[in-house]
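In structure tokens below, several structures.
One chain, subunit A, appears in both complexes that follow, with subunit B as partner in the first and subunit C in the second.
Showing the complex of A and B:
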């Protein structure tokens, strides 16, 4: 798990009561729970997912680290399939800005 | 999009008092003169580009995600694309309502890069003579259909929006068929509503009740009375009758704030107050929010109460915020065949 990820600027998203609500370009409405929101909010295109999981998930929630890493990877891949995240094995320095808010 | 998930988001937004959906009319100017239009057209003060941008920023800060930009005809504003781009930069999910007749190939190309959620285009008939007689703009159907084709080819999600009225009541199937042929979505509003100031003169264009009933049948929205009239459970009685003012808001071209486009109770003016201040402190909004279904003396006892799409704005325009909306009574009757005041035992 060495991927970096960042929200696509085209993603429509907003925080609702501490949870992220995302509307993808394919009209999928996605609501994130507290853990997923922490991963979403940490997306900067540079920090490795493994580091984010360790810091923003394992450091904040009572969760088994290996389970957290597997779930997080699955989660970002699913968001990438909906077109709201870019995932890369290299740091992402594109013009894409974050959709977090 | 999952309807249940959307319900859950709306429910959470109501609970948190977040205006998750905002509808902004950017202009009341229009190049069409639709017979049934609920707006007063023509010259009227409009927010400038920078004022609209500031409103968008405030809405984003308050938590709005779903943004509807409408008019009048929004593309009469030369800054329409600039405003849409700003809305997308602020990560709104943006839907446009337009007659599309002003959309050139070049404008559609620019729109295609903006990541719009969709574009609703008003089409009232597949027959140019009927459509153009409703819009009172010769050639308007041809222009709108050309634009729909451009939009569709550009990968933008389009939905044809029809309004059932006396003049096009025989055209419902044809417009639906047209949408299928074009590969776009289709919605039908069965009811002409009064103008935004309560002027009821446009109601002469309302379709006959039989035509409304037929439209419901065609959309498979009619059901057996026993299925359609569930009892009014306690959670429904204690719930809110509509999300207007709870999690949705309407802003007119001048920057005046209302609970909904169809609910002309002025709640504040963005030229004098911040959006957050209006949303939190408006006495008019507080009054709207205080109403629970159990407070509606007629509707809370009506057999249609559990599913009726009663519009509080229309009820207010008829003189009573807590009263029935006759348009919705007619819709409920058209759907079920049961008169609206028939009550549960």
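Showing the complex of A and C:
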């Protein structure tokens, strides 16, 4: 996967005990682990995924960069399939409007 | 209120059941006997009796859809509409108690979702002024544990717990919605002390549950049929608020009275 920008959609989400809990549009409840929650919290639409992995994952957890990147790509693909994360090769300034377009 | 109308108040929400059939209303008065109220009701449900009986009476057959301002509720044995703004509606059904029971559950679940509460597949009892909820899938032991409760415990329900926010805490109310015990709960309420997620096992023990897993387990057992993003978001927030404020633990138990030594 080439580098990309990621942003949270308008899906309902809450932080609980250090984990993000997300309700997708089809009412699936998604619970993220610590690492995935760090990526989710950093998904502001204007920071490249590579920077997020470096700062929020490799900088905070003992995970080697190539594993972290592979895990992150797998994770964002799954969240994108549920419609709760937007992935783009351009910065995403409004997650909700991007989600609708 | 007309001669045969009755007001059924569950969870502090009085709903007037309007129907001119004296025999049916007498049955309703018996079924909801502990919950008949003299309070003026803000909510009104007209019960329209018909002779047509259709198939499909399981919860899996229920459809709850929003059409403009109205909720439309259908199952094989009844159809209903509910206006959440005027808090009025109707149900068309044969003269049986099961259809009105289900219609009332769904109307309460819709009203509660908008107010930060929910109906939960769980039994609940009050002991020493505090409510304990026991949730789980069918066969997990909801009825068993309420049957094993000590004599000083008050049954709120063995089937559907009624939960609404109460300041910074949550309160459980008794309901007439009975399960295997075929016994309605008492019409009382108490602050919720704990929610136990039930499993049967060879011995009795409790384990902590991560809040995210607690929210997941809670949502799995909430009675909620509406396909509505606004209410779904509200329900997620309610579930997260609940598990942040009320201890949720997994209770594995061997079905005899000693399990109650763990529930204090």
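Quick note on the criterion: the second predicted complex is superposed on the first by the 86 of 101 C-alpha atoms of A that agree within 3 Å, B and C clash if a C-alpha of one lies under 4 Å from a C-alpha of the other, contacts with A are read in each partner's own complex, and residues count from 1 in each chain.
Here, a residue touches a chain if its C-beta (ideal position, glycine included) is under 8 Å from a C-beta of that chain, and two chains touch if they have at least 3 such contacts.
Quantities reported herein were computed from a predicted structural model and do not represent experimental measurements.
Enquirer: If subunit A is used to align the two complexes, do subunit B and subunit C fit next to each other or clash?
Expert: clash
Enquirer: Residues of subunit A touched: more by subunit B or subunit C?
Expert: Of subunit B and subunit C, more residues of subunit A lie in contact with B.
Enquirer: Kindly classify A:14 by the partners it touches after superposition: subunit B alone (first), subunit C alone (second), both, or neither?
Expert: both
Enquirer: Touch check for A:28: first (subunit B), second (subunit C), both, or neither?
Expert: It touches subunit B, and subunit C stays clear.
Enquirer: By the touch definition at the top of the document, which applies to A:43: first (subunit B), second (subunit C), both, or neither?
Expert: In the superposition, A:43 contacts neither subunit B nor subunit C.
Enquirer: Jot down the residues of subunit A that show up as touching in both complexes, subunit B in one and subunit C in the other.
Expert: Common to the two interfaces on subunit A: residues 12, 14, 16-17, 19, 21, 23, 25, 27, 29, 31.
Enquirer: Please give the residue numbers of subunit A that touch subunit C in the complex, ascending.
Expert: Listed in rising order, the residues are 12, 14, 16-17, 19, 21, 23, 25, 27, 29, 31.
Enquirer: Write out the stretch or stretches of subunit B touching subunit A in their complex.
Expert: Touch list, subunit B to subunit A: 1-2, 5-6, 8-9, 12-13, 15-16, 18, 20, 60, 63-66, 88-94, 115, 117-118, 157.
Enquirer: Using the touch rule from the top, collect the residues of subunit A that touch subunit B in their complex.
Expert: These residues of subunit A touch subunit B: 9-17, 19, 21, 23, 25, 27-29, 31, 99, 101.
Enquirer: For a test of understanding, state which residues of subunit C touch subunit A in their complex under the given definition.
Expert: Against subunit A, subunit C makes touches at 210-213, 215-216, 219, 229, 232-233, 236-237, 240, 243-244.
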